[in-house]
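Report on the following structure.
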């Protein structure tokens, strides 16, 4: 609820701090200005209200209007928003607004490409916890705007039993049982598996979701057949745009893609003054 | 001074929050563990002490040892660090440490490639304010570890008079004079120019640094000749690895590259438990 | 991870603030002291490490030793912990430590009574979000120490579709489908029902957990029969110690009890100086 | 001044955090709603403006109107407030508002019962520092709304010399003199006594207030006679509703009751949507 | 309790922020250093432990030893403390430590002069709330180190009914009665008076302390006689070193001096490196 | 950007905290009031918008109007501002507003006297880092309002190589070269010198600004002649109003004066209620 406010405040403190030397020295107090945010390439929009909030936090009297909504596919040249107000305020909010908006659109756009690549299959693209420290709430939101779905948000809201937990618990069956016994009834249990034997053990032990770690497509297909709907199946590990379609066609329910939030490219957006 | 601590604390709150459900449910209290951070590709290291601090903030009793230093070129397979301590602490710090370290190494590595590309010329690669909101102190540090140099840190510590400031001030000469009059004597004055006429006006007005915005190489060369050492020259605008060498050979002093901090790729590092 | 630290820090600022007038005026600097935390009645212990952390945050050189662990049933007269250090530090931590410890033990003790009351049935006692603002992490922990289980922690980590959500979504089936479509695959879906017809609709729509709101025991029994293992069943609404056994015997899986965290009584613990 | 804001903000972060999953999944953006806070039992109102502020902090556009004022005795069925606004905002503020309001009313109501019990005597009911960590400002306010008076707020604003201070200072007389010498002239000095001899020593030494710790009624009466108006007298120690009248009739000026803030029961209030 | 830490942290963030450019550029990592804090004039010491804490917060491994204690009269040339550790840490803590220490010693020294000026009379020198915003805890402490006493700390811990309160309450008697009725029994009531008639009304109404505002010495003397021990008397208003003795000789109990904290001069202390 | 807000918030928490006892006890809720800020002596105004913000943060409905602007020379008796609103809000903001405003005007006024003293010479008066911890942004602003100019803001935005840096780097030339190599191109390099030999070495090494530390006027004059425009010259060290004119006449470009921010006297301003 106050998380986006924290992000913007931190970013403004970081960039403006004790003052904008250049603007204070060159722009007379009271000077008004107008500016537009313009797309310099095609992309999926995410973060337009974050940009709005940046300017509102710099100066509540700046106006910000937009005809676009997050999730829209925008074209090169599109005017994303129009702002008017004190020139100093526009100049001080510019970089923070762009730094956030360009990254969020980059994530949404990359996600949309992955989603398109698996179109027609039953697989869903989900994100990971490989997000930029401090910006997770915005990055997971951008994934949704690109058509992807979120995996667990953090260590505190979802369960994923990995290899080290399994070793510590004394095996897959022990780990699932222990988790079932200690966790709240509201949590599904997901567990990582390396081969078909582990998949079978996990499902038998009662796992709700089976993570198929770094398996070849043929193995994924066998795992899906083996599970046979007794649990959800999730493919994971080094998934790229070139490989995702084949993975989706194995019949897995979910494909988690770390690249969505750790290897996106910021899209090109300019703020033009009039 | 407390900035890195803030970043790590924010990241841990974001990722661990009210608790690590999986570990609490599956790993018995008191279980000890050992783990290694291993490079899965070649890259330039940056952030090893940040990783160390992550684990120290999770649990002061975790040990962390490394034979590598930031700035080192490490090879695929290199063991970046070895940790030992409570298994739960290692598991809880893992993702935050990797999320920070992989990004910082990504920036250092990309920077090193740009620096290598201009090797033998007199041009220096500098960064911009196009950094990830909240992480600037780490990203600018990573640029230095990759062999690049920092441009101004923020709006508060350096002066860069851009087109909108010039318009508001009533021209280049007026803008420089106004800045010289109002700013502290400790600040150099940099001003953006679009063509040779503006370059000449800027230098004559007393600018210390002239930013040559989006100029073609031939124009850059003419600008360098025109300035003739009266000011520093900085090329800027959409600089890529394929174009940077030719720009450097025009004789400019500085080349600023936004991509260093907005279009890097996180390097691949694994944390392996033993 | 930093949540308990926040609670203690807030409490110490609240109680000590700019200084402990009485101690500063009457106790000579350097005076050492010893004290014991003593149970004045029988109860279930919860929070002994919170008390330890209070004194550690007041003064890192205070020693604190205890032979008891959270979850222990302690008897009137038991020495919960022994402390030694600067007398001023013991005096300044006293009230905050007691205020937290007495409340946490109160919750654990009340929970244990509810758990005992349903002993031998298959029902589990779970808590609610009716916790003291700011202290949830400690109160939910105390419920576990008393043998209860946690329901969702907050609005962000679990799904409970209540009557108003159902109305807004256009009915039970629509609400469940909408939630299934929009939520991450990691979340179970729980939905509130008022009668058997709604129970059947919820289960058919695919709800994982059905909340049976304020139903009479006979109705609960019918609902359990109707659900027949297709979903978990949770009884809720004004559950007291006198009524909980009969509810448990209806066969429901879960009984949520707001009183655990909103109507407990702080247990009596004294800090005695020697 | 910013203390209530801190409490509400902490509570909202705790309960809503990264988002309200259920509402986001089931309630269409833009859906408006209306709701009422309704008393489900008789009680003394305290905290109506805190509830108002909760909704204002969730969403400044929610309207909140009430015909009741803190301190009012409200009857079962009374509509405490009416709210209108975005349905999502009403749902997100609901639990935090109720958690605070129900506790504050609980304290005011219990206080009012103690005050009524001593009606007609000259004794006043005062609170203690046995408050819920982090909520003291609200709990002490609620005591006043119930007709009680506040004792010192914290260690920093009032002086109460207890047994351990007396031992450290070398006796009652020494402790009072030392305090008088070192404290600001604005502070009254209160000191704890165990028997009549100590009472006499305290008064003679110049104490402004004498705390009569755990004395039987007959002893209290003798102490009041002995003090004879030379100081205020305060009875303290395990005071309950059944014993408070007899204590008041001994003639003491003040009766401090820890139960007001550590053993109250949250009153029953519902938020009904229309 | 955490107030001094907050002050130092704020000061270090303010002065060091993202880094000490000069030291990073010129001092090799690992360089060790030694330094002394030396008095350049005679003064009363206050704040030596604050200086110690500054260096400890910069770098826990810096050593700091001092043979002096707050309240000592030190002579020009005295070595206040000796430090050793990383040269960079000494350089980064230097200015913050001096900025705090020089101000605190300035206050203690000025206070000592006022205290000396009234020596032999029964008057005590007390401070006011005219302190530097954010530094009150240190400034009030420095007053005590100079031999002065503290007046109320803030609006929340003491009562001083001023002219505007009197007008709002409907007169002196009404104001005192209203305050007596509403305030906790732990608070003394002080009220401002302008003339003898008001003094008499205040005392009769039961004020504990009478503030004699801007009265001439002859009037002060009459007021003291009139009060005749029924209340404490406090002279206030533009008191200077040249006038304070005469005021003290009128027999008032207290003289409050705003200059102690708003018109002191920082003493001269150097940090010398070896 | 949020720095002034932080200062005011800290000051209000410090002064009002859990509440204004006196006002709550004596002023009926809803009482309205009007007040004026009146100059009690002649001075240069600085901080009028800070005072405005104090009242706005106490209570957004208080009105505040002023016909004066920072930098104005105001005369004794001038009405600086007029406020109207809830009496309680005016009373609660009074001390914080005055504590800030009186100090800022004190600095501006002292600065203006130094500036006047060097009138007609080419020297400029600049401040130092000897500011009050936590208030630097306001104090440096006040210096500008008094006609002075700012030196570097902090360690992070400007370079000043002092004696200890020189020793650590191995001499003046080495220090300047090292700094030039490692620092961003945006920073000017200033270096401290003790004698003419060092001045020459500094200028030859490429320093942009030469600090002439504690030199006699005759030596300053020689240094200015020696530098001959190759760098800026700054005189520093114990500069007072009586000595500053002679220093300015030596031809130095800058004179830094620590006294501007560490030895000013708060001006006298009253807040009068009507």
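Letters are used for the chains, namely A, B, C, D, E and F, taken in the order the chains are written, and counting of residues starts over at 1 for each.
Methods note: a residue touches a chain if its C-beta (ideal position, glycine included) is under 8 Å from a C-beta of that chain, and two chains touch if they have at least 3 such contacts.
Not measured: the values here are computed from a predicted model.
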{"item": "Between chain D and chain F, the fewest steps along chains that touch one another", "value": "1"}
{"item": "Contact-graph separation of chain C and chain E, given in steps at minimum", "value": "1"}
{"item": "Chains touching both chain A and chain B, listed by label", "value": "C, F"}
{"item": "Interface numbering overlap (same over half, different under half) for chain B and chain F", "value": "same"}
{"item": "Contact-richer chain pair (by C-beta pairs counted) among B-C and D-E", "value": "D-E"}
{"item": "Chain A and chain E: spacing of chain centres that average the CA atoms, whole Å", "value": "53"}
{"item": "Distance between the centres, which are taken as Cα means, of chain E and chain B, whole angstrom", "value": "45"}
{"item": "Residues of chain B touching at least two other chains", "value": "16-19, 92, 136, 153-154, 156-159, 187"}
{"item": "Every chain pair meeting the contact rule", "value": "A-B, A-C, A-D, A-F, B-C, B-E, B-F, C-D, C-E, D-E, D-F, E-F"}
{"item": "Parts of chain E lying in touch with chain C, wherever the complex brings them together", "value": "1-3, 136-137, 153-154"}
{"item": "Complex contacts: residues of chain C adjacent to chain A", "value": "124, 126, 149-153, 156-159, 184-188, 190, 209, 232, 253-254"}
{"item": "Contact footprint of chain C on chain B as seen in their complex", "value": "9, 12-13, 16-19, 58, 92"}
{"item": "Residues of chain E that touch chain F when the two form their complex", "value": "7-8, 10-11, 14-28, 31, 33, 87, 91-92, 95-96, 98-100, 102-103, 129-136, 154-169, 175, 178-179, 182-183, 187, 262-263, 265-266, 273"}
